[in-house]
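Here the chain labels run A, B, C and D in written order, and each chain numbers its own residues starting at 1.
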Amino acid sequence: MPNSFGHLFRITTWGESHGGGIGVVVDGCPPRLALTEADIQPELDRRRPGQSRIVTPRQESDTVRILSGTFEGKTLGTPICLLVQNEDARPEAYSEMAEKFRPSHADYTYVAKYGIRNWQGGGRASARETIGRVAGGAIARKILREQFGVEVLSYVKQVQRIQAHTDPETVTAPQVEANIARCPDPQAAERMIKLIEKMRRAGDSVGGIVEGVARGVPAGWGEPVFDKLEADLAKAMLSLPAAKGFDIGSGFGGILMTGTQHNDPFRARAGKVATTTNLSGGIQGGISNGATIYFRVAFKPVATVMVEQETVDIHYRNATLKGRGRHDPCVLPRAVPIVEAMTALVLVDHALRQRAQCGNPGT
Amino acid sequence: MPNSFGHLFRITTWGESHGGGIGVVVDGCPPRLALTEADIQPELDRRRPGQSRIVTPRQESDTVRILSGTFEGKTLGTPICLLVQNEDARPEAYSEMAEKFRPSHADYTYVAKYGIRNWQGGGRASARETIGRVAGGAIARKILREQFGVEVLSYVKQVQRIQAHTDPETVTAPQVEANIARCPDPQAAERMIKLIEKMRRAGDSVGGIVEGVARGVPAGWGEPVFDKLEADLAKAMLSLPAAKGFDIGSGFGGILMTGTQHNDPFRARAGKVATTTNLSGGIQGGISNGATIYFRVAFKPVATVMVEQETVDIHYRNATLKGRGRHDPCVLPRAVPIVEAMTALVLVDHALRQRAQCGNPGT
Amino acid sequence: MPNSFGHLFRITTWGESHGGGIGVVVDGCPPRLALTEADIQPELDRRRPGQSRIVTPRQESDTVRILSGTFEGKTLGTPICLLVQNEDARPEAYSEMAEKFRPSHADYTYVAKYGIRNWQGGGRASARETIGRVAGGAIARKILREQFGVEVLSYVKQVQRIQAHTDPETVTAPQVEANIARCPDPQAAERMIKLIEKMRRAGDSVGGIVEGVARGVPAGWGEPVFDKLEADLAKAMLSLPAAKGFDIGSGFGGILMTGTQHNDPFRARAGKVATTTNLSGGIQGGISNGATIYFRVAFKPVATVMVEQETVDIHYRNATLKGRGRHDPCVLPRAVPIVEAMTALVLVDHALRQRAQCGNPGT
Amino acid sequence: MPNSFGHLFRITTWGESHGGGIGVVVDGCPPRLALTEADIQPELDRRRPGQSRIVTPRQESDTVRILSGTFEGKTLGTPICLLVQNEDARPEAYSEMAEKFRPSHADYTYVAKYGIRNWQGGGRASARETIGRVAGGAIARKILREQFGVEVLSYVKQVQRIQAHTDPETVTAPQVEANIARCPDPQAAERMIKLIEKMRRAGDSVGGIVEGVARGVPAGWGEPVFDKLEADLAKAMLSLPAAKGFDIGSGFGGILMTGTQHNDPFRARAGKVATTTNLSGGIQGGISNGATIYFRVAFKPVATVMVEQETVDIHYRNATLKGRGRHDPCVLPRAVPIVEAMTALVLVDHALRQRAQCGNPGT
């Protein structure tokens, strides 16, 4: 269903950017997992607006509250409802939006689909919707880490033309968090920050690439046909606001190679099988092979800019619109925890599916 | 579930490359659609091996038979089962595969997951599995064309470094079918064919890009959050054998632009809304906006090559393996009908979902 | 998934009897439906404890709040989150439950399944869980009434040996609400009330039968095989706390007839088809035939009694347990709005499925 | 979806009574289960027509063929497609059905829903559809027996007024198979057979009750809310042709008791918990408690009778119809393997769900 994600570990999110709140129901969580708000809040803090000078200054504390599914600090196996209240309601800031469709936003398509929209700040199409994903993903990450030994992380790989030098095998979470760009290459990070600040001053925006990594995934997760691990990751990533592309392993670059160059040779070592290269990105035939999973997500420059643009009004008459107030000149730094959350949600779902069908956690 | 795709128009495929057959059950098809094998066979013929000198010479007629769901040439609304018998069973050709894992194939990951595999020709991981998709997709395309006025097509956009000049707005199916490369740019097609023939002689393989297009999709198809139209397309495409990447509209290239350059201005014309550019690729906020949908899928060079490679055997000892017999030096020409089928399956599912929730076919 | 119900109109409920609250997310609601809390609260008031002298005196106002999915009093097409805070938290009243399993409650089975339970008042197994169903069902009923002309109601048909004389074709909602037993036969109602009061004084409980009715359902709703309309109703009803049986139309009584006696003859009148009897209960082959749908649900005498009983403690040692405080001597009167809610949820889901596949609302 | 049943062990059936064939795809089967046609055929033989003098003499061998999902006699973990060809096609026998709706059959409702029907012998509404269920259920039973130690069986408990004396705790499969009525009480069986023969001669039909039993189910299977074990059983049973009612444990009879009489006391023995009575039918709060699960299914007298009846024709004009040829005067004996199949399908699905969420097979 449209607002649920996952099969055995399933999140259902709800909420608009303005209204009572934003939240998520997590269904299928294993019982007896230690869980309090303190496990979730740090991930929301990495996602929230106002966290640094290169993101939107919108003020929201995004404080999470567990409404159900735990007892004395442990999960019950029943659905976990997480709620974040909306705080920064300034409907007056959106009065022009009530009358005009913002270019390359979802304003027009929502009206085309539903015949109605909440014009206050984007409604359901607002990036605030990702709060539920990050909150649910925090639980998924905890399960992966504690019960399966899997580590998930991501980082800003590229902003416009500025590319970072990074290695999916060795990059660490502290390196990612070491700067406000969330880019583990300090030189590139510095240049990215300068570019983003320049864009903010110009009222414009830039896009880029987030690279996602999962290490420690055992061989055997994923399904052979439609629910290939890379297919579920692709869906997860393309479901994010502003995402325009996904590739895994060698990805789009791999098409320049021949098959003999591209194949990853298997070698045996100490009774285990590993590949000597990893152009496959840790997945073969839709199923993890034990190597590091890594992939990239392309985010477009966000549509909200502080520049006058051509558009139409709700009466389908030509008009112009100039964004006012706050904007996020580059979503990449805030996208990092969201990509991690979605990655964790995909993986924990497949971990449980593996356990259900094959009776083991992978090999 | 792993072998089903779609919610309201759902296909469930089964079958291995060697065994009784390959097939699909189509559930949710509208009743009273005129349907015989003649509606499906031409798409299977575009997919089948042996169709030209640049694809694998494996001989399979891939003749489809409707086992259920129609009566006197019309659909009943009940599930449609389509069956294609396997013909070219040569288990002796695969004896070495019984003992060794082919590099960058699914042999090893299937064993890691299931503890068992059908080593005859790839089993469920064989590209023969896509027969069910193409057969089900043929029905989806018919519904889209006849009941919603939507046209789906795709073509080879790039083989290794050879890029075609094409326009998603104007390219036609006859142009695609005009040559065995399925590339509507005749000059590029000629060069692609030469390259593929060279690869076949070398026992090697090449990859490339297929571009998919859907024209005539009304505004309003797609869901706002997880089941965004581009998310479902991404999953559909990354579920294909050898697919490594997906991007839509401006895609990975769009990250070099700024927001003011990237936004698609809305303009009104004759009481309708349209954008003057289409960097969004026909989708905004997960929902179609009425413009042409276009996207790209990256296919790696296929793993089966006729060259000796390092690998391990099923006892986890180092070994070498040299492919023998037939191979497909470039899957792109045969991938075209498969990309079209998956595109149609995604779209018809969203058409029915739109009708269910909103009571109209879009605007 | 375990905490979701429905396919196209799907509710996901969460919450324990003690904890932050109880709620539901409604996904798939058509847009532009007028909806405020005033549409939902009356149904919750019919369900809530403390409403009369024959139900549990537990004090809960069960005030609902819409957190998302509406704007200016209309549904957006996005998920509707409904929240009811828990008020009557008296953990001290449950201290004995922390140590002992109540007979014929879910205490033991939850521990067997999850290895943990919220022992405060039943946790997720509490009848408070049905708040989410009734809240979601109120929206379903509104859609059925306003958009499809379908009326859903139910009533107490039997309490222990006291049977009501009722006619599914003519009974009205005011008749049901005319007494606190929710039995439209006033004489039977009076006797039921006396029996229930006697049971309350004895610290014991009684069960009975609720009859459910849906009038105005067009022919064509339901699916032929697994999702037969009666199958979905059966699941809906057997998912209710204390439900032990379901039958439809002639039901268990019909087995005493022969086929010639049982068949409902079709007759034509004014270009429409109707049956002259209705032993089928409005459904044939899983699909509605236009006649009134009616069925019965058997509820056991509830397990909470104020009498000493044999049981075991959490260390698996024999023990005795005597319920204390408040109890509900007969759940039937409060079950009425819950049966109606589940009926409405089943029907609206099939209404949307009919619209999706067949493109019409039934005939 | 309408033609699929189950979440983790999912069957998708297709096929009409006349047409290419009938079949099922089983998705989610654990790998490495020994499986050949010989595991499935005996269950189909128990279901097939022509097996005794009290069932329809229609001649069908119902020979099953495994098309996919196994290799060298073991399951692969991939979807298992099972096919049974239709043999007894006598379209001329159904010419009158093309023009008239049979009373209390699905003929009219299919037309109301789909605007089309296969009038040859019932099409999708034919009891032949249950072939796919029985075939899939045979695999489910094998898994339950070999991997979980669970035994499933059922038997004819009542035909019209003739009730059998049976004990769910001790009845055996050989006792059930000892006579053609499939009633383990020999005296009752004899009377049932006489009644059914009398009905056949009269061209009439009778209904009755099948009792289903599952022994050895560990505590912990089932979900607390919508997917309660009894709810899924109820849906499974009410999805069967001619089923009109379901109750479990004390069922409809339990409403005559009070709570103190009805509660099942827990007692500890040898470190395990068991109840001293079993009015709950082995399930409390939707979750198995380790006791024997038993329930009843009411089947109406089948609608096909050899007597003239009032009906309407396809032009909605009054008409009469007299059944000709073969009929099944009582479906109960053939319903036994079908009830067992559906029970097994429900249980194995919950076994896998338990394993997925809780990481153990129950307690």
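Everything that follows uses one rule, which is that a contact is a pair of C-beta atoms (placed from the backbone, for glycine too) under 8 Å apart; a residue touches a chain by one contact, two chains touch by 3 or more.
Keep in mind that what you see is a predicted model, and the values were worked out from it rather than measured.
Trainee: From the C-alpha centres, identify the chain that is farthest from subunit D.
Mentor: A
Trainee: A-D or C-D: which has the larger count of contacting C-beta pairs?
Mentor: The comparison resolves to C-D.
Trainee: As a quick test, compute the distance in whole Å between the mean CA positions of subunit C and subunit D.
Mentor: Using C-alpha averages as centres, the distance is 26 Å.
Trainee: Give, as an integer number of Å, the spacing between the C-alpha centres of subunit D and subunit A.
Mentor: 45
Trainee: If a residue has to touch 2 or more other chains to count, which residues of subunit D qualify?
Mentor: Counting only residues that touch two or more other chains, subunit D contributes 1-4, 7-8, 13, 28, 31, 77-78, 113-115, 124, 224, 353, 358.
Trainee: Using the touch definition from the top, list the residues of subunit D that touch subunit A in their complex.
Mentor: 7-8, 28-31, 77-78, 224, 352-353, 355-359
Trainee: Which bits of subunit D are touching subunit B when the two form their complex?
Mentor: Those residues of subunit D that touch subunit B are 1-4, 7-8, 10, 12-16, 19-23, 25, 27-28, 31-32, 65-69, 71, 74-81, 83, 113-118, 120, 123-124.
Trainee: For subunit A, which residues are in contact with subunit B within the complex?
Mentor: Going by the criterion above, the answer is residues 1-5, 7, 13, 101, 103-106, 108-110, 112-115, 124-125, 129, 158, 160-161, 199, 204-209, 218-228, 230-239, 241, 243-252, 254-268, 271-273, 275-276, 279-281, 283-290, 298-305, 307, 309-312, 316-318, 353-354, 358, 362-363.
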